[in-house]
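Multiple structures are listed underneath, in structure tokens.
The following pair of complexes shares a single chain, subunit A, combined with subunit B in the former and subunit C in the latter.
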Partner chain A sequence: MIQVVQYFFFILILIGVGLILWTKNVIHAVYSLALVLVSLAGIYVLLNAELLAIVQILLYAGGVVILLVFGVMMTSRMKGRTLATKSKNSLVALILSVAIFTSLSFVFSEVSFSERIELHQPNQVEDIGISFLTDHIVAFELIAFILLVALVGAAYLAKISSNE
Partner chain B sequence: MNELDPIYHLYLAAVLFSAGVFVVMSKRNVVFVLVGIELILNGANLLIATFSRGNLNGQIFAIFSIVLTVCEVAVALAILLNIYKKYTTSNLDEVRELRNE
Partner chain C sequence: MLTLAFYLAFLLIFVVFAVYGERKTAAFIQNRLGPMEVGPKGILQTVADLLKMLQKEDIKASSVDKLPFLIAPIIVFVAVFTGFSLLPLNAELSGSTASGGLFLLLAIISLDVLGILMAGWASNNKYSLFGSMRSVAQIISYEIPIGLSVLSVVIITGTLDLQETSIQQTGRGLLGWNLVQHPVLVIPFLIFIISGLAESNRTPFDLPESESELVGGYHTEYSGFRWGIFMLSEYGMMLLLSILGSILFLGGWNSPFPNMEFLSLSDLTSGTFWGVFWLLSKSLLLVFVQMWVRWTLPRLRVDQLMSLSWKYLTPVSILMLFICGIWKLWLLS
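And then the complex of A and B:
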């Protein structure tokens, strides 16, 4: 049963990636990216990473995709023109990506997950929250500070562009 | 518990990564390039989550990486607005100079 659900999410992700590669329309690519991200959240749940799945849906599907849609809305001239984008260097890009996929597959074929891992962790979120504030406190505070600086800086940059 | 062998997750991550590289290299639109970068980062996150099944530290670092991605997209969108105001295009090939002298 779990295998069927996993194959379902795999197929959804592959369809989304294929649509991103195939389409010329920017907004279609952004929506296909949303499909990929939500299906990845499902795979995270099946990998027993529940908090990661929730963060994935909240921040990626809820935040990044909305930001990208705003980017498309504000930078494309909608009337009279299609949103088609051109491709360039397709052959070189294809060769490079196939080479990367081949070498990654070569590395992954050496990996073996032989040992069984105990997957059941009932209070994962509580453990992660405690770990954020004890073991990883420096990284946690730094990431909060970086997020603050990046958002304020982004708002400032956007304000410059709208004032002039 | 008859779960799928996690080796397939690794190949899926490889597919995401190489598709992202293809999109970044071949498409000319800024938003398309951002979509490709998201694909690459999601491939990396899937690798982290796969290799750290049953271990909470991997999940924590994947969450950190997602937060950094949000920062990157916010700053990239602000830069994109400035570029679009100056050049009135979102095509990367037509953006040739950092500033007008």
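And then the complex of A and C:
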């Protein structure tokens, strides 16, 4: 049963990716991206990675996609231009993507992810929280610091543009 | 599954009578009678309206973006209704058992923005587009204070599981409720209600669909059944946030009466049926508060809306998060 659902999500992802590649309408491409991201979250749930699925929905489907839609709307319909995508340089793109794919699959097959953390099923959040604040405290604090810098930077940029 | 089936049936019935209740509330606040003709005291008015709405033509203007236009209402409703799958109903029926239930709920209901944007964009209409733009800006801004106020509760209860949160409030009646047990939660509760109004696009935050400026906002171009789905989602969102509020702050399915020495009122008023009864009556009370606010306060301006969220609610909720952390430390020591 889980296999069937998994294949269902795989098919959804393929459809979404195909639509992103072949549609001419930017906004349709963004919606297809949302489909891909939500289906990925579904696969995470089937693999028992609940928290990852939630974060996927919250950050990507709820955050990034909406930011993209907003950007497209601001640029095209408000100004009266329609945005259409074109496919150019398809040969270069093909070579590049094959190269990236082979190198990535090489890396993933060679590297051993030795440093694994066992997540206990009912309390994934607790386990992740504890490992963030013990084993990975430096990375955690650094990310928090970078986010703070980004926030301050964004506030600064917004202030300058409002003064002009 | 049983909870979800119950919530689906309850939601459909709720919407019909909530619309009636809303019109009656409005009428009494404005010192008039409201619907009186259909049925006793006009109680069947919305049923009649519903029948009329279902027979209307499903109009698709020729210049709309077809597929997104058709699926947008469904996305909005699915996003809101998925949230219901995580809510417990009483001590036995606990809903979906996702360990990060509360987190998932907040994540999923934020997806309805996507449907609203889709509707506004696909309608190919300036009013709809402006409505959906406002709606997205508003929902995204108010997600921060609502998330932080929920987080304040999570800090104190120490769990993301809504059933666990309800169980922690069992036994002492009214005195066991989070709001009474931990008085620091009063301000997060107020922030939760205010941002909840904004999240469900209700007055005083109904800018996305303000009739006087934008005709109907993002659902201007919709008619018949698809328009009905938008209404269903709006009322569904109200109910969802009210149930969430009553679980987090008002004891969920627990009875408000404490056990006193020989008079065990709490045991008398708990059980399968009573659990559902208490949860739903607390939630409907919160829904009534939302209606009451709607007919009492005028609509905010866009800039007032934004400054309320970013300059007042967000800093205050961050401060309350800090205070709740201290409160938790004090409780532990």
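As a convention for this text, the second predicted complex is superposed on the first by the 120 of 164 C-alpha atoms of A that agree within 3 Å, B and C clash if a C-alpha of one lies under 4 Å from a C-alpha of the other, contacts with A are read in each partner's own complex, and residues count from 1 in each chain.
Keep this in mind: a residue touches a chain if its C-beta (ideal position, glycine included) is under 8 Å from a C-beta of that chain, and two chains touch if they have at least 3 such contacts.
Note that the structure is predicted; figures quoted are calculated from it, not measured.
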> Who does A:Gly71 touch here: subunit B (first), subunit C (second), both, or neither?
Replying inline: first
> Who does A:Leu51 touch here: subunit B (first), subunit C (second), both, or neither?
Replying inline: both
>> Under the stated touch criterion, which partner chain does A:Leu14 make contact with: subunit B (first), subunit C (second), both, or neither?
In response: first
> Looking at the overlay, does A:Gln124 come into contact with subunit B only (first), subunit C only (second), both, or neither?
Replying inline: both
> Which touches a greater number of subunit A residues, subunit B or subunit C?
Replying inline: B
>> For A:Ala155 in the superposed arrangement: first (subunit B), second (subunit C), both or neither?
In response: first
> So, A:Ile2: does it touch subunit B (first), subunit C (second), both, or neither?
Replying inline: first
>> Output check: A:Gly62 vs subunit B and subunit C. Expected answer is one of first, second, both, neither. What do you get?
In response: second
>> I'd like to know which partner A:Ile100 touches here: subunit B for first, subunit C for second, both or neither.
In response: first
>> Under the stated touch criterion, which partner chain does A:Thr134 make contact with: subunit B (first), subunit C (second), both, or neither?
In response: neither
> Of all the subunit A residues, which ones make contact with subunit B and with subunit C?
Replying inline: 51, 55, 70, 121, 124
>> Using the touch definition from the top, list the residues of subunit A that touch subunit C in their complex.
In response: 25, 27-28, 31, 34, 38, 50-51, 54-55, 57-58, 61-62, 65-66, 69-70, 73, 77-78, 121-125
>> If we count contacts the way the header does, which residues on subunit B are in touch with subunit A in the complex?
In response: 1-19, 21-23, 25-32, 34-35, 38-39, 42, 45-46, 49-50, 53-54, 56-60, 62-64, 66-75, 77-82, 84-85, 90-91, 93
>> For the complex, give me every residue of subunit C touching subunit A.
In response: 65, 68, 98-100, 103-104, 106-108, 110-111, 113-114, 117-118, 121, 129, 133, 136, 140, 160
> Once bound in the complex, which stretches of subunit A touch subunit B?
Replying inline: 1-3, 6-7, 10, 13-14, 17, 20-21, 26, 29-30, 33, 36-37, 40, 43-44, 46-49, 51-52, 55-56, 59-60, 63-64, 67-68, 70-72, 74-76, 85-90, 92-94, 96-98, 100-101, 104-105, 108, 111-113, 117-119, 121, 124, 127-128, 131-132, 136, 139, 143, 146-147, 150-151, 153-158, 160-162, 164
